[in-house]
Amino acid sequence: MDRVTGKPRLATVWLGGCSGCHMSFLDLDERLIDLAGRVEFCASPLTDYKDFPEADITLVEGAVANTDHLSHIRTVRERTRTLISFGDCAVTGNVTALRNLFKIEDVLDRAYRENSTVVIGIPCGNGVLPRLLARVRPVHEVVKVDHYLPGCPPSADTIHAFLMDLLDGRAPSTSELRFG
Amino acid sequence: MGERIVIHPVTRIEGHAKISINVDDAGEVSSAQFHVTEFRGFEKLCEGRPFYEMPGLMSRVCGICPVSHVLASSKAGDRLLGVEVPSAAVKQRRLVNYAQLLQSHALSFFHLSAPDLLLGMDSAPEKRNIFGVLERDPDFARRGIRLRQFGQRIIELAGGKRIHPAWGVPGGVLHSIGAAGRDEILTWIPEALESMDVAISRLKPLLDSLPQEIENMGNFPTLFLATVTPEGDLEYYDGVIRIVDAEGNTVADGLDPMRYATFLGEASEEWSYVKFPYYKPLGYPGGKYRVGPLARLNVARSAGTPRADREMREFKQRSQGAVCQSFHYHLARLIEMLHSIERIQELMEDPEILSEHIRAKAMLNRLEGIGSCEAPRGTLFHHYHVDSDGLMKKANLLIATAQNNLAMNMAVEQTARRFVTPRSIEEGMLNRVEAAIRCFDPCLSCSTHAIGQMPLIIELRNHAGDLLHRLERS
Amino acid sequence: MTASPPAATVKDNREKLLERAMSRYQYSGDALIEVLHTAQELYGFLPPALLKTIAHKLRLPASRVLGVASFYHFFSLQPKAAHTFVVCLGTACYVAGALGLVEALDRSGAKPGSSGAKNDVSVQTARCIGACGLAPALIYDGVVHARATPQLIKAELERIGVK
Amino acid sequence: MSVKTLEIDGRMLTGRTGETVFAVAWDHGIQIPRLCHVGGLSDVGACRLCLVEIEGRKRLQASCLTLIEEGMVVKTATPKLKSHRKLIVELLLAERNHVCSVCVMNGECELQDLAASHGVDHVRLRYQFPSLPVDTSHERFGIDHNRCILCTRCVRVCDEVEGAHTWDVCGRGTASHIISDLGEPWGESDTCTSCGKCVQVCPTGALFSKGKTVAEMRKDRGFLKYIVTAREKKQWIG
Amino acid sequence: MTFEELCGKQTEEVERQQALKNRIMCCTAAGCLSCGADGLRQAISAEIAAQGRQADVELCGSGCMGMCSRGPLVLSAACNRLYGNVAPADAAALVSADPAATETLADRAIDLDSPFFSKQTRIVLANSGHVDPEKLADYIAAGGYQSLGKALTAMSPRDVVEEVKKSGLRGRGGAGYPTGLKWELVMKQIPQVKYVVCNADEGDPGAFMDRSVLEGDPHRVLEGMAIAGFAVGAQQGFIYVRGEYGLAIQRLQTAIKQAEREHLLGARILDSGFQFRIDLRVGAGAFVCGEETALIASIEGKRGEPRQRPPYPPESGLWGAPTLINNVETFANIPPIVQNGGDWFASVGTASSKGTKVFALAGKIVNTGLIEVPMGTTLRTILFDIGGGIPEGKFKAAQTGGPSGGCIPEQFLDTPVDYESLVTIGSIMGSGGLIVMDDKSCMVDVARFFMEFCMDESCGKCIPCRAGTVQMHDILHRMTRGDATEDDIEMLETLSGLLRETSLCGLGQTAPNPVMSTLKYFRDEYEAHIRERRCPAGLCQMESQLEEAMA
């Protein structure tokens, strides 16, 4: 609960994904206004928190694909009461994990050598950039996940029903959930 | 011994980014870099897949502008088939492209920029979001939400799904918007136009209050690149490429997007996952150019729709030659939204929009195809090679945000030099560095928390990368 | 046994022998596995053309013939290497350290399942060759070696010129 | 033709001698899940989704292969069966590269449907990410092994209905894969009649019509009953 | 040949052998062959020629003599001595059989009164090591084909079935289904065409009982099958033998030809109206073909994929005909049962498990080799009296039942070995592989090893087995590398339940057994791998916590 407002604190996190799940969240459209009355939005790409705060509910979009994601999701897990894998990339790896079918070197080579006209350096894992993980993983392979909200992306209606269930203290219904 | 300041994370541009500021022995900013830390490898992971699946697969590059990728991909597919896309299908594609421009720009302006612009850069961070705007000015916020909803609704009605509609296919589109869809869209138009009037008239006076930021954050000469009609008007779906310089002179015109590789090059640096496209005749890194709303308005002669034309004429008067202040991306965005709504209305009134002749079918007829269009953030190219069975051999994607990469780095460096004094770092200084990035709207929110307080982790590092000092805002 | 017959006369003879085997079973599709055994004995492996002939003669669909041939590990669809190591990975041999033998071969660049790639050595693993009392067992070019060691493998590889 | 009475999920039902538990259940609206079964083809009992509990039998039985008996008491949806089915679906999803979001059958796939109806909201097992080919050498169709679940419907329809036996299973265990003829590209097959029956019976996006984009593929299995009835009874009913 | 002629032939051969000065039996089973038995045999043969003793010294090859760990083994009839580790240089001494000359071999003589021999009861292996498997006359001299003769001349098929039922013999392939009942089922089937199939596709890693029987006493199996054919009304038999068993195949081929020539197989057997042919079917490297429906598919020339049962093979087997399938050891038990009666057989063993069981002892044990003990013998007797104990280190577990079995810890060493008791303690009898593990064996790795086996041998037809073994192996593999969590143990258990209850055939249904039994008795080892990332046996190489980042 937020100390000031007494409302549950909702965070969203974006790892290796396209942000489509966040966009679908925004597709709640005017329902966002009602939602704002029920939760305190904290860390999110839509708000202005950078250091991940304590959160009651966190929606995690995207797969765990690099070392930054890995350390970030661990922090998020520590500071979150109910963690939700949000969308197919987080739940299954989805398209992001298709790179697991290739060697990392080949993937980097295609992007930064074959498709470049000037090659000054190949990025990956120097002091500033995170290293790519050998294997893109769904979130639950890395940290414990409490609920799953699959879909690419999950529709706004699905997200809404899911959040309402959670906020009303019901076990979220899984009957509408679907990959893809 | 030089030092390096790392800003991490810069909030959200296609995932995560960092900014590092290098400090020389004299304690002055020597250079600054903008590092994109996200990489997913679409150019490789598509390998072996049938090209017919590319629009659906490539739309997953971005959830904000999936339609752009669907279109560029479908157009590359059109080339592989070697067909002429039926004109009704072209209209469907144009419609959805305008809808996408509308929703993406609405997101950028109302959801992400407006909080800073309307609430002020020093307002409380908890309030500095669309919900804060809702409290302050519910009507304005609701208009923003509804404008985005309008764009998304068109995509849903035409494409079947708001995000990642797999409706564009090589040769055309899967379905048309239909009469019911058209009728619904027409009912939205008056409100949408009214909302644009409200937004534009709110933004203009705000701009006048930020002269420092406008002049010093990403204000420099570069080339501007955009697609235009052969006559030189705004064009988002299919046209020729024109390049103008900072003075507004045309550097190149009538370039065929299919031949992009002859005039655009891409450089790889080990410190960013986003590459550095450049204009080949000027070489790397000299060939900096900007794309996106600002570039399009600088490049195009006129909009071709009455309301947008009025605004565009006024916009062009903000500067001699091209408008070089990156801050004016915001206003350019609003003008493009207005233009999109006008175009959507035109398309809705065109009887051909209901035609069911929307798909040309053919076998594979070429082994290489390029598709391009104007995405919300700039010109987008998809370049595919397939084998004789139509399986992808390789792809090259030249994405709008990347094309602004050199300019964004320049903006970062300019802002750092102007505002950062390494001896006594204040958060406000670094925030401005970040804000420079956000003008470009590199995909998500970065655009707009432009100015004002941002929670940050600031790391001061020396040359060897050792952590010297860490500053964290709670 | 070689992949491609060196002389036409040899080839004729093999065809005749295969034909005889098929006729012994009245060209019955039920005898497919026996016929494949014979074919592999004659030719060393089962190339597509041979499978096609067998399918035709036994009046079976080609895909079924390949389906059967690929199901059984005894049948080789690729030519065999000049030298073959078979490491027994039966439980007794495993407990006695057969993995060490695999590793020794691995280090030389010859991997289990590989065939002919590296200096014409093929390495296979077997699921118990029945020499459990003498574990770990290794079959090198058809000869069973009891209580084999990585050193033995190293020596053999050196002898045939694989370092 | 004699009739037998049995109890399925607490309902007294009747079926004809020689009918399977599966058929009688479906005839009465009890939809036992399945992936390898498709009406009109022989059954192999491979997917194990249609397993049911039969009173007095120690093991679970594949209902598609179990003939009804007088007085039989069958349960088709006990918690144990449901949990087994859920895990089987997860096993399939983890086995190959089923990326629903970019599949031609997204929205119409039987495996995807099963996952949804069994509450598979994530896969508890590690994805295996095997490297598998796509063959689009055929003029009209393609096969994507990434999406194949080895139900062998294609093998059976090609053998039993079309009579071509172009398809079969090659290799074994986890290396099993569907082949045409001697493993040549499908487009080079001597035996394929291009009838497309295999494409229509395939439950996933493994077999598809070329030129279909993501989520565009739709499959029609009605033809199977039509042909089979026509052949067996000389009656042309859809 | 009539039954009388057969009896005459037996007498003749026994007398001939008794007239010899010496008979040297040189073990030529695969174990001894792999340590030089062939060369030894040639040396002895050459020595006989050199000494000019062809007339009164006979050299025979023999089947497995049991003590494989001390091969090559040679039995000298004249001295009634069994020698181990015999070298070609010993040939002269062996041939001469001179007490002085054999002195050099004295230290290699194996004590035939040692517990290794005295605690065994040999029914199936009675001939093994005593008859030359390549000589029909040898088998006949040992009483071979007498049972067939007795059945054909003095018994009805029903009598034979009753005798087998009375014996209490249970299938030796693993599951232990009562053999007599199975025979009766097939006998009662109406169709005219029936088959008898001998399952010689012994595939458990670490098991070589059937191979030894086939190599050492092939006629015994043929005789057992012929009796079965007579009892159930079949005229055709098949032996489905592992392709890896080259020597067994060769000896079976020889034996079938010999038997056919003497009308012990084929038409008009022993001049009766009974005809029975046996054909060999050579397997091609697929463990799953040990499963009876897969074996049937394989004999029919198809992929060795099992199918749903029922119908069981006694109703619908090969080509849809009633089919009796028993394994090698089961058939080998038949001639003595027919000869001595079911009651005699039932007097050996326990209340529910009759007769003896052959085990292949292997692993960390002194006397590796082939043994046969009465049912109900304790594991302690088998391992420590007969097996001679653990060479170094400490006993940890005994694995029975191969990939379908389990690991038995020390506290159950006094459990009598019979079908039910082994199931109670989480293992199974299986076909008779018995592998001993000491404290250097990691039980997680052992579980992984067996799971890898099942994964490789899964036919791939049904999903739980095809994909479930892969996932279970993945988890076990990660455990042995230190990349697993407590949840993984739970998932192993969940998957085990799935495979056991939903797999199409026995391979998948029993694949979780080694995992379940090690989890039950050695859970601490699993937990050490997970919680402490430590392998108590010191075998598993724990890698860095995350393979995640690229090198």
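When the chains are written out, they are named A, B, C, D and E in that same order, and each has its own residue count from 1.
The rule is simple: a contact is a pair of C-beta atoms (placed from the backbone, for glycine too) under 8 Å apart; a residue touches a chain by one contact, two chains touch by 3 or more.
It should be emphasised that the depicted structure is a prediction, and the values quoted were computed from it without experimental measurement.
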Field: Neighbouring chains common to chain A and chain B, by label
entry: D
Query: Chain pair with the most contact pairs?
result: A-B
Query: Of the chains shown, whose Cα mean is nearest the mean of all protein Cα atoms?
result: D
- prompt: Of the other chains, whose C-alpha centre is the longest way from the centre of chain B?
  reply: E
- line: Top of the farthest list for chain A, CA-centroid basis, is E
Task: Return the distance between the CA-based centres of chain B and chain D, expressed in whole Å.
output: 46
Message: Centroid from C-alpha atoms only, then distance chain B to chain E, rounded to Å. What do you get?
response: 73
Query: Roughly how many whole angstrom separate the Cα centroids of chain B and chain C?
result: 60
Query: Cα centroid separation between chain C and chain E, in whole Å?
result: 25
Task: Could you list which residues of chain C touch at least two other chains?
output: 64, 67, 71
Contacts with 2+ other chains: residues of chain A: 94-95, 98, 101, 124, 132, 135, 152
Message: Quick check on chain D: which residues sit in contact with 2+ other chains?
response: 101-102, 106, 124, 126, 169, 171-172, 215
Statement: Note: in the complex, chain A contacts chain B through residues 14-24, 26-27, 29-30, 32-33, 36, 40-41, 45-51, 62, 65-66, 68, 94-96, 98-99, 101-102, 106-108, 110-124, 126-130, 132, 152-153, 155-156
Query: So in the complex, which bits of chain C are touching chain E?
result: 28-34, 36-37, 64, 67-68, 71-75, 89-92, 94-96, 126-135, 137, 144-146
- line: In the complex, chain E touches chain D at residues 286, 303, 307-308, 455-464, 466-471, 474, 491, 494-495, 497-498, 501-504
- prompt: Tell me, which parts of chain D touch chain E in their complex?
  reply: 44-48, 51, 59-62, 65, 80, 84, 87-88, 91-92, 94-95, 124-126, 128, 149-150, 169, 171-176
Message: Residue numbers of chain D touching chain C in their complex, please.
response: 159, 164-172, 179-183, 190-191
